[in-house]
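Some structures to go through are shown next.
First chain A sits with chain B, and in the next complex the same chain sits with chain C.
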Partner chain A sequence: MFENTLDCYAHSNHLKSTNTYFKVLFAILTMLVSLISTSPVVPLIIAFFMSFLIIFKAKISWKFYLKFFLFPFSFGLLTFVFMAIFFGVGTHVLELGIFNLAVTADGFNLGFLVFARMLGGFTCLAFLALTTPMTELFSVLKLVKIPKIVLELAMLMYRYIFVFLDEAINMYHAQETRLGYSSLKKSLKSMGMLGSNLFIRTWLKGEQAYIAMESRCYDGSMRTMREPESIKSMGTHNLALLILFEVSLITGVYITANFKIF
Partner chain B sequence: MNIIKTNDITYNYPDGTEALKNVNFKAEEGKIVALLGPNGAGKSTLFLHFNGILRPSSGSILIDDEEINYHKKDLMKVRQKVGIVFQNPDDQLFAPTVIEDVAFGPMNLGLPREEVEKRVDESLKRVGMEEYKKKAPHHLSGGQKKRVAIAGILAMKPKIMVLDEPTSGLDPKGASQILRLLYDLNKEGMTIIISTHDVDLVPLYAYTVYIISEGKIIKKGSPKEVFEDIKTIRDANLRLPRIAHLMEILQKEDRLPFDKPYPLTIGEARRKLKDHLED
Partner chain C sequence: MHIMEGFLPWQWCVFWYALALPVIAYGVIRIKKVADKHPESKPVLAVVGAFMFVLSSLKLPSVTGSCSHPTGNGLGAVIFGPVVVSVLCVIVLVFQALLLGHGGLTTLGANTFSMGIIGPLAAWLVYKGWQKAGWSILPGIFLAAFFADLLTYATTAIQLSLAFPIPTFDSAILKFMTIYAYTQLPLAVAEGILTVVIFDYIMKLRPDVLETLKVIKPKNEMKTMKEPVKEAI
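After this line comes the complex of A and B, so read on.
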């Protein structure tokens, strides 16, 4: 079950045992660099580098990664096209010939920058999502003092997503077996039933889970045993590597600051 | 000594239906007690009374000769003493990792961290799941989840462990592993109460058997005594163990001299057959 989910990859990739703080800091700092860059060069380098890490270091199947990548990519492309046409004033670099529409240099540069930043940021997050199990992230969140109640809710939600996913899949198969999805009208109806049924199930399950927790002396607050590891567990070697990498990226940002395609 | 005793408890659901009717249930300390009954007979409802989750409409429950009084502090004590393992482990395992789930009970008891860690390690080892510490529950199989659920209760060091259908939904190997574990725990002095409708297994481990049907205890005694009353068993939508049923058929249809009481386990049947063939 769930072989093709992010969670499964997060638990079974080749970078799983790499220090969690290292991965989190690496992803977030790189994303920030990608965001502050004023030229599309560095974000694109970041996107390539991160994709390289994901496919060759973490050994995520490239087919899965491409599929995963396709959604933000197409969204980004759409944004790029619209910005190129509708944003900016000044010299026209390409006349479209209909409705007096034209691509302006200004708009093109801006659109491309947004597109590049988006890919850069997305690949950073993808790296984090595909290499770091949620269970590890919870302890990082604890360290940065996310309110306890939010964390508890997140933990419960994370656990029960899979319980309900399992139920939903079973219900879906059961409906399919009885031809519930053989036409559009039937599909809509079946989907609706599945949704409402699932809602009732969550209600009942919540009740059950509460009884089970009460049986283990639950008194309204979840105490977790694990103290978050110190950020020092990352090691000086990793820290040095990280700083070096980010500094060279920032230098890249500085050098290419005025780079423009048009 | 009876470690759990209920005096005439009756429980009504909010809509008024009687789920339990004057139930008198006793569990002797250090024994395995089986509660047999068809679906919807009230087994789970009765179990939830043992640790004060449900409060009887009338009657009282004694744990260790002390009546449950439903004050918050005392309830904590009762829940430490009486651990319940629920039928569906997905209801019980709520934490993102195995280790955090097992630590939940002892943390709630307010134990120091080192003690909690010790207990978590011990109980995971006990159920043979120590390698799965950091796994998420949804990456485990049904049998493994069940064992983690049991570890979560063991870590609270209860005197009594109550298990609702511990073998349901497990493959034969998984089921026998669980029973082996319960058997060992019982040998070390833990009182174990099991609800089940697996009549073949009951004679193997149970010291006392209760039969519950429609919220009433309709029979009580040793496995031998209970399964002698074939009519009551069948009226409660249960059946004889396969072995006993075979013996019954051999006697009634084939006129072989296997008289009541029918042997209930393979071992007993083997002895009886051997005796017969050697004569």
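After this line comes the complex of A and C, so read on.
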């Protein structure tokens, strides 16, 4: 019902103490390379490399990662099949024999490219989500000049998401033990009750939070402790490694630009 | 309905970012103004954002057997107006990407445009129109949530067919729309019903919250009761 959030992994993985800027730059740049690639080769390499880092360097349990990875993988596969059959005008490479459908060469190539790019992009996102706690990402967002009000809203929201998830799970279990989800009509009613109760509670919590903040001298701005690390503490060694990695990936994109299976 | 990370070609990622940014910037300015004037609104806005996140992690019961998540943007837009919701939606989308792995960072612009701008705007227009006409509230809420969902899906279909116009834009949009009509239409109906049930309960339990937000008109007897209280304070 309620997905396990990635938050606990972000706080307990083995790459947590690595410099935040290094991880963010690495994930975002690699994601962009995967995005601009015109051949499926480089995104697939990225997907394997990132998965390797997640499982063997960050030491995320492979069972969890596999389960987490299954959804985008199956969705990507579905897109791939859909595009291979419906998105081609070129030569037929495989007749399916039903409804006059056929796999076309250009449809297959496009589908495979999108599939590869999705895996590449998703593994980069997963790397970022699984190794970097949200609280440290906030300090990066501050650096790129996200408006203060948005950041404050995001921080407050981040804190309350877990409070409300807890409450929602409690309410859901209470309803479920009373057969609240035994039929479609009942589940809609139960879910509506859950949602409205949650809304009212969130409203009360918001008011209480304001009172609590005001009694602690809230003047419209929240000041947080600065992270001790900076972009400079990343180290020249890591920076050189990062640049070398991205440049070699871009070279790979350039070399394999015309790679096609059919 | 999120567009997955890496699904769109980079030109379209940039395009949708460019289209969504001005609206979000306007929303941020509006929120800043409200927050400066009423500092108590900041924590309330934050908890509502958290509420939208939690609501979107519920699984919607649907007739086709397929499960999906309510977006909550219809409800939010009716209560808070489309501009505020669009900003909250961006933050929620970032959290969904980083905490659940739904959606993505490169497709954030496109997702924001469909879920945070078009959907809430549709809901808000439908609800305001309905309210102006003076019809009863609940069917208006249903239609607002229904159209918010529907237009979100339609926008996503347009975004996808613009990105992959093969062989032509028309035939691509027909294909995406056919898929969506089968899978998403029941979801839009389910979310509409769910929103009505939620709204109905809020009206029964805490109508004062909705009245302070000017979503529903205060009842006459309530008004006469409140006025002396206000003066007493």
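Quick note on the criterion: the second predicted complex is superposed on the first by the 242 of 262 C-alpha atoms of A that agree within 3 Å, B and C clash if a C-alpha of one lies under 4 Å from a C-alpha of the other, contacts with A are read in each partner's own complex, and residues count from 1 in each chain.
Please note the rule applied: a contact is a pair of C-beta atoms (placed from the backbone, for glycine too) under 8 Å apart; a residue touches a chain by one contact, two chains touch by 3 or more.
Worth saying up front: this structure is predicted, and the values here are computed from it rather than measured.
Asks: Does the chain A-based superposition show chain B and chain C clashing or fitting?
Replies: fit
Asks: May I ask you to decide whether A:M213 touches chain B, chain C, both, or neither, giving the answer as first, second, both or neither?
Replies: After superposition on chain A, A:M213 lies in contact with both partners, chain B and chain C.
Asks: Name the contact category of A:L194: first (chain B only), second (chain C only), both, or neither.
Replies: Once the two structures are laid over each other on A, A:L194 reaches chain C alone.
Asks: Touching A:H11, do we find chain B (first), chain C (second), both, or neither?
Replies: Touch partner of A:H11: chain B, not chain C.
Asks: For A:K205, decide between first (touching chain B), second (touching chain C), both and neither.
Replies: A:K205 sits against chain B and chain C alike.
Asks: Of the partners chain B and chain C, which touch A:L156 in the superposed model: first, second, both, neither?
Replies: A:L156 sits against chain B and chain C alike.
Asks: For the overlaid complexes, name the partner, chain B or chain C, with more touching residues on chain A.
Replies: After superposing on chain A, more of chain A is contacted by C.
Asks: From the overlay on chain A, compute the angle at chain A's CA centre subtended by chain B and chain C, rounding to the nearest 10 degrees.
Replies: So the C-alpha centres give an angle of 70 degrees.
Asks: Looking at the overlay, what does A:G180 touch: chain B (first), chain C (second), both, or neither?
Replies: neither
Asks: Is A:L35 touching anything from chain B or chain C once the two structures are fitted on A? First, second, both or neither.
Replies: A:L35 sits against chain C, while chain B stays out of touch.
Asks: How far apart, in whole Å, are the nearest Cα atoms of chain B and chain C in the superposition?
Replies: 6
Asks: Take the contacts of chain A with chain B and those with chain C, and give the residues found in both.
Replies: Overlap of chain B and chain C footprints on chain A: residues 1-2, 7, 134, 156, 158, 160, 163, 205, 209, 213-214, 218-219.
Asks: In the complex formed with chain B, which residues of chain A make contact?
Replies: 1-2, 7-8, 11, 133-135, 138, 155-156, 158-160, 162-163, 166, 205, 208-209, 211-219, 222-227
Asks: Touching residues of chain B toward chain A in the complex: what are they?
Replies: 48, 51, 53, 76, 79-80, 83-84, 86, 88, 90-97, 99-100, 103-105, 107-109, 113, 116-117, 120, 134-139, 152-153, 156
Asks: In the complex formed with chain A, which residues of chain C make contact?
Replies: Against chain A, the touching part of chain C is residues 4-7, 9-10, 13, 28, 31-32, 35-36, 39-40, 42-51, 53-55, 57-61, 63, 87-88, 91-92, 94-95, 97-101, 104-106, 164, 166-167, 172, 175, 190, 193-194, 196-202, 205-206, 209.
Asks: Over in the complex, which chain A residues touch chain C? Could you list them?
Replies: It is residues 1-3, 5-7, 28, 31-32, 34-36, 43, 68, 71-72, 75-76, 79, 83, 86-89, 106-107, 110, 114, 117-122, 124-126, 128-129, 134, 137, 147, 149-150, 152-154, 156-158, 160-161, 163-165, 168, 181, 184, 187-189, 191-200, 202-203, 205-207, 209-210, 213-214, 218-220 of chain A that touch chain C.
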